[in-house]
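Multiple structures are listed underneath, in C-alpha cells.
The following pair of complexes shares a single chain, chain A, combined with chain B in the former and chain C in the latter.
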Partner chain A sequence: MSALHLAWRTVRRYRAQTLLAIAGVAVIGALLFDMLLLSRGLLLSFADLLERAGYDVRIVGGGGMTLRMPIPDSAAIAGTLRGLPEIEKVALVRILPARIAARSGASAPSVALIGVSGAASGVWTIVSGVDLDRAPGEPCPVIVGRSLAAALGVAPGDEVRINAEPAGVRSAMPPIACRIAGIGRFAFGGAGDDTVATTLEALHRASGEDRPGDADLILAASRSDAGSGAAVAAIQRARPGLAVYSNDEVIEQFNRNGFAYFRQISLVLSSLTMVFAFLLVATLLTVSVNQRLGEIAALRAIGIGRRRVAAMLLWESALLVGVGGLLALPLGELLALELDRILRQMPGLPEQLHFFVFEPRALAVHAAVLVVTAVAAAAYPMWVASRLPIAATLRREVVG
Partner chain B sequence: MDIVRANDVSRMFPMPAGPVAALRRVSLAIGAGEHVAITGPSGCGKSTLLHLVGGVDAPTDGSIVFEGRDLASLSEPGRARLRLTRIGFVFQRFFLLPMLTAAENIELPQAEAGVAAAARRSRTRELLAYVGLTERADHLPSQLSGGEMQRAAIARALANRPALLLADEPTGELDEATSETIADLFDRVNADGTAILVVTHNPSLASRASRRLAMRSGRLVT
Partner chain C sequence: MAPMRPTSCAPAAVVVLCATVLAAHAQAPKDDGDAPAILVSRQLAARAHLAAGDLVTLGSDPQGSRRATFRVAGIYEPTPDPMRFTATRLEARMHLPDLVDLVADPADPASREAVTSINVRLTDPADAAAFVPQLSARTPGIAARPTSRARDDDPFAVLDRFHVAISAVTMAGGTAFLLALMVIRAEERRETVGILRLLGISRRTLLLTVAIEGVAIAALGAVFGILLAFATEGLVNRIFQARYDTALVFVRVTPSIAARSVLIAAPLGIVAGIAASWTLLGRDVLSIVRR
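Moving on to the complex of A and B:
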C-alpha cells in the first residue's frame, strides 16, 4: 500500500475536485505547450525551408542578408566556386519585378521574376508539368506559381509574355515570349504570391541588362564529406571580401534578430501559464488537505510517518498535473493547428512557413515544467500535513 | 511491569489571556493487561492525558516513560514508530480513510510497519473475523454503520499487536446498544492480553474497566 496507491484512491474518491484540477491543468498545459511550440516554431520552420532548398551556403552582395544588392562579377565567382573541392554545386539567383500577360489577355502587372542558373531544385516544387532543365531547346521556359497560374488561367505548354523591369529603371524593352514548362510551389513564396521562375539567360534577355553576371544571391551546396563550415572557409579563402553565410549562420542571425520577439512573448506567456497551473493545483490541494485535517492527524497518530503522508500529497499533485499535462498535448496540438492556420493568413509570408512547430525539445520542456509545477503545488500542502499538531487537530475535530 | 508511566506531568496551553493548565502534575501507571477508564467532565484534561500517554503531544513538565523509554528522548520518527507498533488508537470519530475499504484500512498500519503482503492479508482476515466484519471487508467506510466503522477502527488499532490500546470517547458517536457491543469488544481485547486506557463519559463503558479514575480540572481525583 504505497503512497502512490493512497494518492490514486484519493483522487478517485474526490472526483469533482479531480476533474476540475485535470481540466484546468489540461487547458493551461495546452497553452504552455503552444507557447513552447511558438517559441522556436518560426526558426525551425525557416531552417527547414533553407534546408529543403538543397543549398547550405549563401553568398550575398552589399547590405547583408536583409538588404540584398547585386553581387558584381557573379558569373566569375560562380566559376571559382565550382572549382573548389568543398563545393558540390552552385546556382546564381537574380530577382526582378516584372509584368506577365497570357495570350487570353489576362495579365499580372507586378510579379517576382526569378532567374536561376544551374540546378535549383528545392527552391520550388513542381506541381504539374516539368522543371526548367527538362525543357531543352526552349529559349524561355518558365515555372509559374500556382496562384498566378490560376489567376491567368494558364497551364503547362501555354505561352506567356514577360516584361522584366529592373528597379529604378524605366524599361522600353519589348516583352519576350516564354512557354510554361511547369506550375510550381515556391518555398519562400506566399499563398497569394505571384512568382515566376526562369533561366538566368532568359531573365537577362527579358531585362536587357548589360551585366548579365550580377546575381542577387549565389547558392552553394557543400559536399557531404566537407560540410558547410569548411565550404564557407574555402570560399572566403578563394574570394576574400565576399559575404558568405552557412545556413546555420543565417538561422542564428534570424534567431538573434528576427525571432527574438516570439521567444520573449512565449517566455512571458509560458511563465504565466505555469503560475496559473501552480495556483490552481496548490489551491485545490490545500483546500483538500484542510478538509482532511482530522484524517491526516489520525493517520499520523496511528504511526503513519510524515514522509508517507507528504509523499501521498506529492503523488496526488503529480497525478493531477500528470494526467492534465498528458491531455494538454493533443489539446495543445489542435489549438496550435488552428492558431497556425490563422497566423499564416498574414500577407507576404512564405506558404510553407509555420509558427507552431513540434520538436522533441518542446515535449521535454513541457514535461519538466509540469514536474516543477507539481512539486511546487504540493509543497505547501505537504508542509501543512507534515507539521500538523496531531493532538490539537484531533481535539479541534472532535469539538468542531 | 508498567507499560507506560506518566510522572508528574503537566500540560499548559498558551492562550492570549495567559497560559491555561489542562493537566496539573498528574501521575499514572498502566501495567500489562490492565483495563483503565478515566471519566470526568468535558475539558477536565482526559483527552490531553491520553494524547500525552500516546506520544502525540508532549508534557510541559514531567515525563512519559513507555516500556522503559522516555518519550521526550525519542525523535518524531521514533515516536511515530512507537505509536505504529506498540500503541493502538481508537477515536470518537473513527477516522478511517474514506477512500479505502475496511480491509485496506486495517492493512495500512501493517504496510507502514513493513509487514509482508501475505502476512498483512492473513492478519487482516483474522482481525475482520475478530471484530465480526468478515462480510464487510470490501466495503468503504461510507457503506458501514457507525458501530461497524468503530469495529473496523478497533481492528486497525490492533493490526500491529500493540501493548496498549488508547480509546478517546470510543462510544461518543454511537447509540446505547451499539456502545454495548463496542464495550464487549474492548473486554475481549483486554482479555486477550492488550492493556486498555479509555477516556469516556459513558458510565457503562467505564464500569467494564478493572481500574476507574476520575479527573477534575486537570487532576486525577480518584
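Moving on to the complex of A and C:
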C-alpha cells in the first residue's frame, strides 16, 4: 500500500477533523489569496486605466504628477511633439472648475470641466449618445458624467449652460450654451464626481479668457516601433526641462507613494495568514499523530518503513492543504468581490479602479506558499513518527 | 434665523508651501536681521541640512526668477496626517504677507488679493451644516464645506470596515481551527468520557466541563494574542514610522479592542467545545466504550 493510499485512508477515517481542517485552510487560504490579489491589484488596475486612454507619455507642469499646474507654452510644445517621428498623436488637456445648469433649472455649482484637443478616446467611455468628434458643427459639444447627468436629469441632445472659472479668478461672464453629445464614464472620475468634458475651444469660450490658457496635461502616444522610452527621450531632447513621464514611470511613482499602504498591509496579512495556516495544519497533524501513536507503531511493526510513514504524514498534510487551497480560490474570489466593494467606497476614488485584480502570478505565489506550508507543517509530526520506539509504544498502548 | 457669527474669518496667518514648487537653498549665515522668519519641517531641514538661524532662499518657480531670502526661525514636526502619510513632508511655514510677496504676479494687482482657502471657526460647531448654504447663497461661486467629514465620506471609516471584514474572515478560520482541535480532543478522551458516564456523571456535567475547557482555550488564546499585539505594537509602529518618516501611530491596541477580542473568543470557545463533544455525548454509553 502506497503512502498516498495510507494517507487517504487516514483522512477518510477521521472525517470530521479532516473536513474542519480543510474548512480552516480554505478560509485562511482565501484570505491569503486575496492579500496576494491586493498586493498588486491597485497597481494593475491603475496601469490598465492609464493604458486604456491610448496614450503612453504624459507631460505635466511644474507641480509634477501630484499637483496640477499649467504647462507654460503648451500649444507650442504640442506642435513640436507632433513633428517628432517617435510620436503618433498628441492631446492637450485642461481642467477648470465650472458651473453647469440644465434648462429645467437643476444645476451643479462645482463641476470639473475638462477641455481636450480632439476626442481623447479612452479618457472616457461613452455610455449613451456619441463622442465629441461625432458632433460636427456643434460649437460646444459636451460629454457629461453619468452621476451628474442623473442629478441634472439630462440626456444626449439636451442643452446645458456652462460657466468656467480659471483658478483664482472671479468671473461675471455669462454662461455659454452647450449641447450634450453623450453621457460618459470617466476613467479617473469618482463614482460621485461631477465631470464634464468638451473641446479645448469650447472650454476657452466658457472661461471668457481673452486668450487660450495653457494646458494642465499633454498626452502623447508613441509610435509602436519607437516605444514610450524612445518617445520620452525624444521629447526631452526637443524640449529640455519638460516634466515628461512614460506610463511605466507614472506607475512606478504611484507604486512608491500612493499604493504603499495596501501593498504593505497585504504583505503583513499574507505573512500572518501563512503562519496561521502553518500553525493550523501543524497542530492538527501533531495532535492527530499523538492520538495515533499506537497505530503508527503497529504499521512500523508490520514492516512499513520510516520513510513510508513519514511520506504518509506528508501526504496527509498535502491533502489537507491542497484541497483547502483549491477551495480557497473560488472562496477567495467571492471574498475579494466583497472586500473590493468595501474599499471602493473610499471617497474620490476613480470609479473604475479596483483593489483586487487577478493575475497568474498571484496564483503561482499562492500555490508556492501553500506547498511550503504543507511541507513545514508536516515536518514535526514526521520527525515524531519516524523516531517512534516501536516496542515501547506498542507496550504502552496495550498496557495503557 | 439669525445669521451665525464666525469667531474668526481671516486667512490663516501661516501657510504651508509645498516643496515641489519651491527651491530651498541654504546660505552661510550672515548678518541679515531683516530677513523674514520661516519655520521648516524636520524632513526639509534634514534634506537641505538646515538649522535654526540659517538664511535660505525660496523661489516660487523652478527657475528661481521670483525669490526671496528668509531666516529659519525654527524646525517643526508636521502634524501627522493619515491622508498624506506616504508623502514626504518637505514644507515651510511663513507669514501670509511674505508668501503673497513671493508668489504674487507683479503685473496682476488682483493676485495679491487671492488666497487658496479661508478657515472659519464657528461659535457653535453644530451650526456648520446651516452656515455652509448661507455663505454659498451670499457669495456665489464660493465652495464652502465643513472640515469634519460625514461617516460615509470618511476614508478611514471605509478602512475600518475593511479591517472588520478581514477580522471576521480570520475569526471564521480560527473557529474552524478550534473546532477541529476540540473534535480531536473529544475523540482522544472517548474512553475516559465513557468511563465517567458509566460512573454516573451526567451528560450535562460533561458538556459543562467541555464548555469550560473551550472557554479556557479560547480565552487563553485571546489573551496570548492580545499580549502578542501589545508586544509587537511598538515594533510595527517603529517600522512604519521609519519607513514613512512620520510621527503617525499606525497600530494601537486599546482596552476596548482587547475586551472585544476576549468577548468574541469566549462564546466561540463554548460553541466549539459543545459542538465537538455533542456527537460523542449524544451516543449510547456502551457505544462510547466500544461495547
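Keep this in mind: the second predicted complex is superposed on the first by the 396 of 400 C-alpha atoms of A that agree within 3 Å, B and C clash if a C-alpha of one lies under 4 Å from a C-alpha of the other, contacts with A are read in each partner's own complex, and residues count from 1 in each chain.
Definition applied: contacts are C-beta pairs under 8 Å (C-beta built on N, C-alpha and C of every residue); 3 or more make two chains touch, one makes a residue touch a chain.
A quick note: this is a predicted structure, and the numbers were derived from the prediction, not measured.
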With everything superposed onto chain A, say whether chain B and chain C fit together or clash. fit
With the two complexes superposed on chain A, say which partner A:303 touches: chain B (first), chain C (second), both, or neither. first
Looking only at contacts as defined up top, I'd like to know whether chain B or chain C touches more of chain A. C
Would you check which partner chain A:338 touches, where first means chain B only, second means chain C only, and both and neither mean what they say? second
Partner chain in contact with A:13 - chain B first, chain C second, else both or neither: first
For A:260, select first, second, both or neither according to whether it touches chain B, chain C, the two together, or no partner. second
Return, as a multiple of 10 degrees, the angle whose vertex is the Cα centre of chain A and whose sides reach the Cα centres of chain B and chain C. 90
Identify the partner contact of A:283: answer first if only chain B is touched, second if only chain C is, both if each is, neither if none is. second
By the touch definition at the top of the document, which applies to A:397: first (chain B), second (chain C), both, or neither? first
Which partner chains sit in contact with A:347 here, chain B, chain C, both or neither? Use first/second/both/neither. second
Looking at chain B versus chain C in the superposed three-chain picture, what is their shortest Cα distance in Å? 11
Mind listing the chain A positions that touch chain C in their complex? 14, 16-17, 20-21, 23-24, 27-28, 30-31, 62-64, 66-67, 69, 97, 99, 109-110, 165, 168, 170-171, 257-258, 260-261, 264, 269, 273, 276, 279-280, 283-284, 287-288, 291, 335, 338-339, 342-343, 345-347
So, in the complex, the side of chain C touching chain A is made of residues 18, 20-21, 61-62, 85-87, 111, 114, 136, 140-141, 143, 152-155, 158-159, 161-162, 165-166, 169-170, 172-174, 176-177, 179-181, 183-185, 187-188, 240, 243-244, 279
What part of chain B is in contact with chain A in the complex they form? 47-48, 51, 54, 56-57, 76-77, 80-85, 87-89, 91-93, 95, 97-100, 104, 107-109, 111-113, 156-157, 160, 168-169, 172
Which residues of chain A touch chain B once you look at their complex with the stated criterion? 1, 6, 9-10, 12-13, 294-295, 297-306, 308, 389-392, 394-395, 397-398
